[in-house]
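See the structures that follow.
Look for subunit A in each of the two complexes below; its partner is subunit B in the first and subunit C in the second.
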Partner chain A sequence: MTRVLTASRALSSRLGTTGLVYLALAGVLLVSAVFVAARGASLLTAANTVDLFTRSSLLGFLAIGMTLVILCRSLDLSVGYVAALSTVVAGLTMAGDPSRILLGVGATLGLAALIGLANGLVITRLRVNPFIATLGTGLVIKGYLDTQFQGPAGSIPAAFQTFGLSRIGVFPVSTLVMLVLAVLAVLYLRRTRTGFHMYAVGGDSEVARLSGVRPELPVITAHVLCSVMAGVAGLLLASRFGTGNTLVYNNGYELEAIAAVVLGGTYLLGGRGGVAGTVAGVFILATLDTVFNTLGIDPFVKDVLRGTIVIAAVALYARSQISRTAVRVRFPSGGAPPPAAGPPDPPPSPEPLAQGGKR
Partner chain B sequence: MTSPVPTPSRPPERVPATGAGPSRPDPVLSLLRSGTGTVTVLLVLIFAVIATQNPSFFEGPPLMAFAKKVAPLVILAIGQYLVIVSGEFDLSVGSLVGAQVVIAARLIDGEEAMTFPVIGVMLLFGLLVGLVNGLVTTLLRVPSIITTLGTMLILFGAVRHWTGGAPTGALSEGFRVFGRHGLEGVPVLGQIPWALVIATVITAGAVLLMRSPYGRTLMATGDNDTAAAFSGVRVWRVRTLAFVGSSLAATVAAILIGGFAGVTAQVGEGLEFTAITAVVLGGVVLGGGRGTVVAAVLGALTVEALFTLFNQLYLPSTIQPTAQGLIIIAAVAYASRRGDLRLPERLRRRPDHPTEQPLDSPRR
Partner chain C sequence: MSTHPLLRMTGVSKSFLGVRVLHGVDLELRAGELHALVGENGAGKSTLMKVLAGVHRADSGRIELAGREVSFEHPVQAQRAGVATVFQEFNLLPERTVAQNVFLGREPRRRGLVDERAMERDTARLLDDLGLEGIEPRSKVRSLSVAEQQVVEIVKALSHDARVISMDEPTAALADHEVELLYRIIGRLRERGVGILYVSHRLREIFDLADTITVLKDGHLVDTGPASGTRPADLVRKMVGRPVSAVFPERLEPRGEHVGEVRLSVSGGGNAQLDGIDLQVRGGEIVGLAGLQGSGRTEIAHALFGIDRFTRGGVSVDGLRADPRSPRQAVRAGLALVTEDRKAQGLSLNQSILANSRLVLDAVLPSGSGRRARRIPGILSALELVARGGHHQEVRYLSGGNQQKVVLAKWLATDPGVMVLDEPTRGIDVGAKQAVYTLIRELAASGVAILLISSELPELIGMADRLVVLGDGRVAGELPGGSSEEAVMALATGAPPDGAHESADEDSAGPHRHEEAAP
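Moving on to the complex of A and B:
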């Protein structure tokens, strides 16, 4: 046991968290393939691969946005509701007319961005705890949806349904879009000023402020982007259903997205991690779902297994993080080291040490 | 962090916020400024509106009916308070309430004699869930939001798998007494529900608990667990006990809810967020270390009073979440409003309601 731990620690220090997550993904795939093979089926058939990718796209959109927010030491519990609202807005705006697709996409993403802006402003200006602020926004949207819509609303033109239903080879179009957005998010975090500032503010907002970063801007930006990603997820859902469906908020997407982010090695208290790890986290969850499906496991047992696996995985990461926080690596995975030029980034503060003691 | 013993001096300062403290310069003013004051004003306001809509609301029986309905939420809020004040979350309580009700129905299956043994089993189960939540969070260092989210999924799935999807069995009359009946024939009130008695006892117990050495330690841990650890607190034990408290509270709430409303698959859905709303509405700060039991209880009363008001105004019940969302944001925004805007950020924090410690990192 101890040997395994030391080995895993040595490995984690060489690979970084993201490497570790991809290793975990490979491990999960391998174990699943063996498991499925033992039951006389095959995991990596074309149908299963398509299934796996299809599952990953929706959660991927939500989790990429959630990563940005969590990096800023914030949280967004409203994404499920924003996605539900987006399906309705898309359905009603497009109204089955192919010429209104652009309008529908614009309206959906615009509204989502406004909700994100509201979240960000409430959190930064009114200084409401992000948990409460976004829970509140979510409840507001839920109340609106429940009151206004009793069933499916609007309709999506067939041309737009290709977004959710068509694929190139084994890759569904939506998954490709998700991966492109993931790459953009990685570049955004590594190459832009606001991206760096997200790490800075998430690491320690006060230190960031004293170093000349306006802590509001990255947080607001992250929330806007997160909501827009939720809007994209809503568009995907709408194009799959062919109509606006308000009840998708019942699926607990926000919590699943948080689980994927944390599985991906992003520190829940901000400042460490990245989108690359999140994508791996999403694929781990999608693989599990596909395996459960292939094995025909009772849907209720699925919940039990999923809960157990998420807790176990995060416990393992926490274990390997204890040693890493002790050596004060500031940007262990998702982020590049602070930029040479440009605005001053916060110096590595001794604060991570204190945080390490917290959890 | 420089002063290793901030613990003993802190909690006494907060006690006056419950309105029971000894001499302070201006207790009324400090009460009004604290979170407790805010929620009290809000509660009185809502009750006033209810009274204008329905003057008979305060005539005894309707008030007792309200008490019966609000009792489970009060108990849940107290449990959630213990966890939140220690700096953590418990998202599993809603699922736990649902699980306990289903377990009770399945095990009792209508047999009177099984009532009390099954209540014992439920308490043990609650204890177990709390221990798992607490130990995984503290010893395995999994963030509590993930731990309790995991337990929520596990409980949800396990109980439904066990019963094959829909709840089976039935509760006994003896079990339902706690949620439905009460002391009959009381002069003005008509009936004092057992639920009210239980909630009052638990509230009093929690107030005493927070004044005991354990309560002070819990508060200190939530305020700054590093400092608490340096001054000799076994942080893992204190927090684990808080989780156990929350799960036991959820169990008691499940007994009341099961008795009051009966068994459905949806019992307990979303209760965790309602409980958190109640606690936060009472001015208890997420992240730990601040807030009182009484404030959490008042928060629960306010939330339920608000729902009652909506019913009386004949608003569609679907609009309730919208109002709940707006009010929770407004309440927290009001509680964390800034002081004098001309001062630099660091000096703006009002001494009676500090939002963060200079040395401590801002928390969620």
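Moving on to the complex of A and C:
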């Protein structure tokens, strides 16, 4: 079988996209260290490392959930609002009472799961485009929050604030929780039928259906899990603020999470990618933020740089990707006539023009 | 010996939107037998397979599997019952591994988790059984060649313990050495007592492989018989010979200035789907491109128009080297393409007739588009376009025939020198067909070079001055206009020409006719 592999394809096929993302992460760390060193500072001080990990946990929760949804060729634009709602629910349920922590966590995650279920059902049963469906859900939540709450609501007991504030060595507890959940998500995708079927539905839902997969199930599951992860992110925010705060939806978390997922090598149209890459994507974005902070770069310039990097990365992955549909190539190498035994001749020069052109 | 055949279909009929595509077809398949299904484009072969596979439901008729009546409402039901189908389009996920594809939807589990090791082991065993050690269960499907992907489809079918496997044009995309691999696999399957239903356009394969041949024509069963007693030429005769349903307008006296000049010339054209295409069309000439589905007809239209351009060879229009790299360049060079898929590629359905007619003018030839656009109402009325809402009506509300007239008007407004018409009469009524035929004749008479592509052989034969027959992406031969359908089919299927009967019976290798287009 003749396989024409360009150099970049060869590299990506040896490393896999995930390998490529980790390579990019290493590159980003290296370049950042050099830049910071040029300013006479050091990137990997304890303070910077803690900052980097702290940034990564919140985005990590959201991006892990988003990965599942995107793998199914869906999208969730409501995660920022779900996180905001979750801070309020956690604050009000716990009401500063340490004995109500478990109840608060349960109520928050349960509500988030219900929202995810609603998203999934609207998308699969009513066949509403995921973009619109989840945007709608988000706006409903926003409207509710804006009318019902002005300013902080409820309070988080000190015991639960340790989730957001304490750390072991340079590792914040929240980052460790995020990494544990990432490992669980990786196992889920690689070891459960539903995980397998998420890839199948995202890759080609018709193929999945013809193979006996019910295409709705993985999509709904992904949306529920994504919302629950947004709930976890909300819990983290609440524990950091010590109270419920509705205004966190202004931070554009949903788009940042999508950027991290895509940066991590998951194909926006589904069927390809994984949580391992997403984690690297999260760390790349967190590293950039930390570096920009250390260097004191103007926040607007920061956004310009971040946007450019996301676009450049995705363009790079796209280059190394072979067309997803199996195109049947009849004459791959230039179409030597079938009876000819020798090596294929160069294509015949078709027009006398080729020699006759005046120079 | 069981008394029942493995599969028996009796009186299977099926209609789509009132059009009957299968008329009471009977078919029997025995264990270990390869039953070939042949017929022209649109004869109903694929529909019959889809009925068997549970993709479509038959309107009437019985399907019995080993003597028990079955009725499949979903492809998965058919698979569970042991009827597997390898369709023309791949049903694989390119981003997943071979094993993951084979066991999709039925992943084996151990303690609640997917047992990937068992999956890979079983896939490897199935591959080994077929004598295929070259394919790794862990490699991603997209990294496999087309032939290997086909093997994966077959392995997927086998993993269901399929007793009946139907294959729709399995060799359509395979190179010669890959076909041998398929032959070998088919041999193994038959040894195991699997019954194979095989659709192919290539008569050589049919005579290589088949025990029984069934000929379908226009949804009717024409003949069923053992392959050994059939001659290729007889088979071709049974496949063709539809009644001519339309009378074609007479040729007109050419009067345009470009009549007789070579307006379109392709030499040695080739890309991933085509090779060694040599083609010349003169002003005033109608050249028909004949060939079976997938033989490269539409691919030539697309290559000429810069959609999937020729990567080898060259295209000249009116003596100037054109080599269009995009439809825009093609239009500028004087080409027009009436696409096969009117609704998706030819029209902007929710825009008005007028807007659609101006589309190419405004987009590609903005200078002077106003002047040319003034002719559009004239062109539309000359085409006898009937629209209740006038020229501002959205085209989605028009009949197929009237929609096609809008597409034609769009291109006529650009004054093309070369017009490529891909299935211009598909899905339109008889009256509109006549209007299209008349228009083609008039265009030719005015000096336009016309390349006509059609699956309806009578139409091609009746309209074209010359027929270029394609097979497997190459020019299989050329015939004068008015040739018999049999002659065209013989070339297109690679059957030997009349008079060479004897060789087919004694020589299983069969003839493989390719007229090499010598540069």
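Keep in mind that, in the parts below, the second predicted complex is superposed on the first by the 312 of 359 C-alpha atoms of A that agree within 3 Å, B and C clash if a C-alpha of one lies under 4 Å from a C-alpha of the other, contacts with A are read in each partner's own complex, and residues count from 1 in each chain.
Going forward, contacts are C-beta pairs under 8 Å (C-beta built on N, C-alpha and C of every residue); 3 or more make two chains touch, one makes a residue touch a chain.
Predicted model, so just to flag it, every value in this text is computed and none were measured.
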Would you sort A:F196 into first (subunit B), second (subunit C), both or neither based on which partner it touches?
second
With both complexes superposed on chain A, which partner does A:R272 reach: first (subunit B), second (subunit C), both or neither?
second
Is the number of subunit A residues in contact higher for subunit B or for subunit C?
B
Just subunit B (first), just subunit C (second), both, or neither: which does A:I311 touch?
first
Between subunit B (first) and subunit C (second), which does A:R73 come into contact with in this model arrangement: first, second, both, or neither?
first
Regarding the shared-chain residue A:N129, is it in contact with subunit B (first), subunit C (second), both, or neither?
first
With the two structures laid over each other on chain A, which partner does A:P152 touch: subunit B (first), subunit C (second), both, or neither?
neither
Which superposed partner A:D204 touches (first subunit B, second subunit C, both, neither)
both
Mind working out whether A:V213 is in touch with subunit B, subunit C, both or neither, as first, second, both or neither?
second
Subunit B and subunit C contact sites that coincide on subunit A, given as residue numbers:
204, 322, 351
Contact residues on subunit A for subunit B in the complex?
73, 75, 122, 126-133, 135-140, 142-144, 146-147, 204-206, 209, 255, 258-259, 262, 268-269, 298-308, 310-311, 314-315, 318-319, 321-322, 351, 354-355, 357-359
Please give the residue numbers of subunit A that touch subunit C in the complex, ascending.
1-3, 13, 190-193, 195-197, 199-200, 203-204, 207-208, 210-213, 267, 271-272, 322, 324-332, 334-335, 337-339, 347-348, 350-351, 353
Which residues, counting only subunit C, touch subunit A once they are in their complex?
75-76, 79, 90-96, 100, 104-107, 109, 112-114, 116, 141-149, 172-173, 175-176, 267-268, 270-276, 312-314, 316, 321, 472-473, 514, 516, 519
As the complex stands, subunit B meets subunit A at residues 1, 89, 91, 136-137, 140-143, 145-147, 149-154, 156-158, 160-161, 165, 225-226, 229, 273, 276-277, 280, 285-287, 316, 318-326, 328-329, 332-333, 336-338, 345, 355, 361-362, 364
